[in-house]
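My structure is below; once you've seen it, I'll send some questions.
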Amino acid sequence: MMLEQLRHWRRDFHHFPEPGWCEYRTTSLIAAALSACGYQILLGDRVLSAAAVMGRQIDEAKEKARAAAQGAPQEWLEASSLTGLVAVLDTGRPGPCVALRVDLDAVKVQESQDPRHLPDQQGFASLNPQCMHACGHDGHAAMGLVLGQLLAQRREALSGKIKLFFQPAEEGCRGGKAMAQGGQLDDVDILYAIHLGIHAGSGEIVVAPTGFLSSTKFDVEFHGTPAHAGLEPNAGANALAAACQAVSQMLGIPRHRDGLTRLNIGTLNAGAERNVIPSFALLEGETRGASAQLNDYMFGRVQQIVEGCARSYGVDFRIRKQGEAVSIENSPRLVHSVTVSADRLGFHVIHSRPFGASDDAGYMLERVQKRGGEAAYLVIGANLAAGHHHHGFDFDETAMVQGVSLLEALFEAALQPPAEISD
Amino acid sequence: MMLEQLRHWRRDFHHFPEPGWCEYRTTSLIAAALSACGYQILLGDRVLSAAAVMGRQIDEAKEKARAAAQGAPQEWLEASSLTGLVAVLDTGRPGPCVALRVDLDAVKVQESQDPRHLPDQQGFASLNPQCMHACGHDGHAAMGLVLGQLLAQRREALSGKIKLFFQPAEEGCRGGKAMAQGGQLDDVDILYAIHLGIHAGSGEIVVAPTGFLSSTKFDVEFHGTPAHAGLEPNAGANALAAACQAVSQMLGIPRHRDGLTRLNIGTLNAGAERNVIPSFALLEGETRGASAQLNDYMFGRVQQIVEGCARSYGVDFRIRKQGEAVSIENSPRLVHSVTVSADRLGFHVIHSRPFGASDDAGYMLERVQKRGGEAAYLVIGANLAAGHHHHGFDFDETAMVQGVSLLEALFEAALQPPAEISD
Amino acid sequence: MMLEQLRHWRRDFHHFPEPGWCEYRTTSLIAAALSACGYQILLGDRVLSAAAVMGRQIDEAKEKARAAAQGAPQEWLEASSLTGLVAVLDTGRPGPCVALRVDLDAVKVQESQDPRHLPDQQGFASLNPQCMHACGHDGHAAMGLVLGQLLAQRREALSGKIKLFFQPAEEGCRGGKAMAQGGQLDDVDILYAIHLGIHAGSGEIVVAPTGFLSSTKFDVEFHGTPAHAGLEPNAGANALAAACQAVSQMLGIPRHRDGLTRLNIGTLNAGAERNVIPSFALLEGETRGASAQLNDYMFGRVQQIVEGCARSYGVDFRIRKQGEAVSIENSPRLVHSVTVSADRLGFHVIHSRPFGASDDAGYMLERVQKRGGEAAYLVIGANLAAGHHHHGFDFDETAMVQGVSLLEALFEAALQPPAEISD
Amino acid sequence: MMLEQLRHWRRDFHHFPEPGWCEYRTTSLIAAALSACGYQILLGDRVLSAAAVMGRQIDEAKEKARAAAQGAPQEWLEASSLTGLVAVLDTGRPGPCVALRVDLDAVKVQESQDPRHLPDQQGFASLNPQCMHACGHDGHAAMGLVLGQLLAQRREALSGKIKLFFQPAEEGCRGGKAMAQGGQLDDVDILYAIHLGIHAGSGEIVVAPTGFLSSTKFDVEFHGTPAHAGLEPNAGANALAAACQAVSQMLGIPRHRDGLTRLNIGTLNAGAERNVIPSFALLEGETRGASAQLNDYMFGRVQQIVEGCARSYGVDFRIRKQGEAVSIENSPRLVHSVTVSADRLGFHVIHSRPFGASDDAGYMLERVQKRGGEAAYLVIGANLAAGHHHHGFDFDETAMVQGVSLLEALFEAALQPPAEISD
């Protein structure tokens, strides 16, 4: 029953996945549903710091048109340029402000058409080409929405304030910093953030995950000189060749003594025509490190390599940061209380396990913690059909039920009205 | 006056450049103009062999909409799916069939905005982003059109038949073979093809250019496995990295003892998202050689490299031919008669000079020559502001007048009615 | 005083460093010194399994001549083809067999001539070009020798047997497996192995280091076809180019989700003459991994890359293993007793800390442990002037005193005669 | 009979090949033989400009020892440090000074052991490892020697002076400039240089070869920082990796519009030990171009690439020129007279054919021509078993007879005493 609700929303979002900054349909549907049960809705333009928005190069009109065609309610669709929302339910009674943060966006992967892939079998595979919920954010969004509905039903028994943060553009670490600086976190006392899967199976929970990676998302442009490839190849300055060498060199940045590092060049687009020496190239990449220092080491080498390749090929270059993430450390008191609650609900509690990726929820947790609140990032285990970002990714939907049950318990415990004191 | 006409059309075509297979506006305007002065118009669908069309991956509806918005007459626009045309003028009197072949398409280069660039100064620079007449085909098209108008005026004084071939998609050598096999060349007795510029200045003509390069245009796809770049980079098979290594290796294919070779990878598009190990890559490239053997040597090495890189990175690959060109050798009798005419018109006649590039007009000349006709490819010299395919390319427009005067003389000489014999 | 002895030997070995399998002088001097105080000496040929010797390509006559010229006692020098030795002291009284394993070889690094470099200042810098004790094995050898002398003096107070293993060719993990399979370990009850430095400072000891890396040492040969580089570059198959691409690709092998991996190509020698397309190339490299699986992942990718590059360049290849190392886990009872002794001697005891490198002592410890004995690898902290293998490497010599004191205590404790039972 | 002599010497030189600047045996044997028939012998130290010697890094003592062991006459061996010689025969009668230049050195190629390889079959294959007469200089040296002997026999019938230049170190273009500036050419009126093979078959002669390439021979060093490859790969600056990328980039230097270019990296030696990040690398390479401008274009790009790769990898670099060659153009009058003589001797005379390689004889011809003399470089055709520098190279020995016959005729014609004038 709770499973049915969760499955309904999760599969709906999975069917119509939207990449970062394009979550118009997802945002609008959540806004409509939570508004209907009494939440105050604050859309993206009101809850994101425009100055901190990164990596947003979209065709807004086109994306809104697509969202409308795919069923986004018009009144919510038109009300904001930026996606994402915060839904607020004030019980009117004194008490803490307890919050959840989930994310909404999909990944630019073409979904598998393998008949064994469940979304394909069950008819809810992605309808949007080169776009897929291959990381589980469809589940996160469904969990935030259903938790909101459940808490609204229990409203009269609670005191304090509920805030549900639906963050856009987590992929690429582009939206978290903007939401952290958007003002709505500043009265939050307790903040939870969640992720399904990530090295934990169904029934498991990691209450103090480690190994969140610092990360820099960057674009590199090379600008050379075009020339006719048959008549005078020598007259060109080949930006594509420079980019290819830079990729080879970056992939070879030495591993670091002090711990985990990562580099990926996710896209490379270069040149315009087959018979012209290509005069521009654009790479989109990211570095990661187990610490800010390790990430800085990687990004420093990237800069050096870009300069070197530009020199070798006589081309100009430009490096631009497009996203960032910081590490995460859970507040000890929350780790303790989550452990107790999860244990009571039958979870297999794993204290810590490396996360191995980045999440810009880090900016939001850091904001709450720096202002005296408490925050925790929880990994809700889920059996997976294939790894995160794989085109055959899918997760055990019952894990959503377990996660929402736990969150409901945590919210209710924190929002308990003070026991009346009889004289 | 002839200069004004030529300049009018050339600048109009330059203002609205269209890439190969998208020349809807150019085709329609030429069709309208030549139809108006009596030519029978045969559009692309009727004069191209569909089986021999190469490298045509376009969004036809979108391109036609653009062409319409930029002034293409609707009746001609809708009449054919393929671009290009043949305009036929039959004098009704017995005589040879004399033909000209010009090309229509622009290059995917962003035009210079340097204030010294004449098209910018004079307000006829490209309005279409990433598209520019940087090779002179705007001039070729204008010359074919104006020659057609002039010959139509002289119709009564001529006998035989005139055929004007406006070939689409010369860039990338994609349309020539289809036009050669389209049937309309099979009654042609004399065929001229022209190119402006190419190492010859205004007032010069090269009557027997050499060094036309054999060429193969190809696409390479690599298909790997996506994976989350932070969580498990080891699980991916990186198609982008394979492509980058392939580019490096291809650029290093050894020069050949027997003569000129070329290789270019003009475009590389790979990957979908910054934080996903890229699972596909597409390269568009070309090899060239001074002979078919040399081109085969280059293309053979390309295939070997693609196989090797696919093996190294554990990715799949596919190689597809997207265009081809053959060498050209002018018919000696035409070389002689052009020399005489050009000399009379004051040209500085250069017998032979290396062309150094490819032109798929070669298939058309070969077709005519193999069936017993005669054919010649003429380089009409023109002073250039910058090299072919450079973003600052521009040519001396008076060269078009010289070229049309010569062609007019050649056509008239060939289409002379037999002298009447008085008794 | 013990410091003077240790310093004497360490500086002597440092002055005349010998690469793996060439430690003729070092071996002979140790044999002479320990023989003089009563040890039975078993030289390399008797204590190494010839079948398990790896990576030994030396000019034996030349190396022995050099050793002789540099002071190796002739009688020991001539007695064995293989280097290394085991020195045995049997007290004649019943008791356990307690053993120490140290290594002897230097690294192929040219020693720093910076005036601040202490060996240079004090006149004991390497006299052998491109060879330097830059890892501390000079200290290890000195410690083994001096420990042997001290224990010989205490012989009458001890029962059981002492075995001192001086292993050749640790660098490159080439000698450990051969010594493990040579027979002399098979009666050993307790085996210690030591290393100076490695992330621990003077006064520190790591009693249960982790993070020993599995490793494969390999050579790759590429064989192509030579050709005149001016006349017909196309006729060659370029082995040097294939090797360069292979290096680029190997350095870019993706990091692995499951933990630390390493790859290095330490040497590349290719080609014979400037104007000939190079027809052969030899790479010497190594992979490492925090587990056997991770090392296998790396080496598997290396093989795939070598195949791919050979295909790309039309060259043949050959891959040969030249050395191997396995992980190490200390016996818990020894960890405990070392902790107690080290604590008593004033060491700052660090339980575990990652080692981050490979040591083929692992084969020897594994051998003893598998046969029911106990073994431990101890990191004796030492302040360093520069990192291991750096040309400015040097260590605090007092650390040797601390190490030998601890080893002496451990040996004496284990070789204590049973308390006499009076009736 | 002349064939037997030529074959004897050629096979002897082939059996004991010597690389550039190491031709001690070859030089000494020629000196001895020509001295014996009356020539004045001037050895290397007297005929080479020390300042212009390039690319000479040899172990002179070791090479002389080898030469002695392989039969070099001691008196000639000891008389000069530099190899090569000039043999002078002055008839004592007035007349021109006519000269021949041949070269002596072998190539660093391991000779084929294929049983079909004639030198192997006949037992005169190279005895020196990694060294082979794979270019035909054994034949050139034999021809120079035998010509000298024949002319000495005819001495009384001639007037003027004969000079035979035996140039060392032609491979790598290292000795020609030094011999050109050594003083001995300055009284030469007519200079011939010869090469066997090179695209011409037995019985053919090319009297005005074209396409001699300008060339620069260079070494590149990269200097980085060593580090332990397992412990802290990040601390190194990898010179080997920088070199590999530089090679990849250099092989990809774009072909040039204006004509033939070449690049080869003939050797790469980097790193010292498998488990150390390699801190140095040495590349030996060459650029060539059909003109000085084209060679400059190539070498300019090389410099740019070296700078770029050094920047990318944080390593230092050094580029050193090691050899140079210039173009060659034969004196027209000599072309004519050779044509006449060759035709008379039954040669198939080819006027011009591209040479496609470099020869630093160019400096010697240029010297003579600039001082008012005449010079010609003649390609004496010879059927080849495999291309120049191939390990299976061999040539038709009868071509030597044809060549010497022609040279003898040319010398005799030029050295004819003036006809006596009777009164």
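Letters are used for the chains, namely A, B, C and D, taken in the order the chains are written, and counting of residues starts over at 1 for each.
Note that a contact is a pair of C-beta atoms (placed from the backbone, for glycine too) under 8 Å apart; a residue touches a chain by one contact, two chains touch by 3 or more.
What you see is a predicted model; the values in this text were computed from it and never measured.
Separation of subunit B from subunit C in touch steps, taking the shortest path, is 1. Relative to subunit D, the most remote chain by averaged C-alpha coordinates is A.
Interface comparison, B-D versus A-D: the pair with the greater number of contacting C-beta pairs is A-D.
Spacing of subunit B relative to subunit D, judged by their CA centroids, is 48 angstrom.
Subunit A and subunit D, compared by their mean Cα positions, are separated by 67 Å. For subunit A, residues touching at least two other chains, in rising order: 231-233, 235, 241, 245, 248-249, 251-252, 254-255, 257, 262, 277, 356.
Subunit C makes touch with subunit B in their complex at residues 231-236, 238, 241, 245, 248-249, 252, 254-258, 277, 297, 304-305, 307-314.
Looking at the complex, you find that subunit C touches subunit A at residues 248-249, 251-252, 254-255, 257, 260-262, 356.
Contact residues of subunit C toward subunit D in the complex are 107-110, 130, 135, 171-172, 198, 213, 215, 217, 225-233, 235, 238, 240-241, 243-245, 247-248, 251, 262, 264-279, 281, 284-286, 288, 322-323, 356-358, 387-391.
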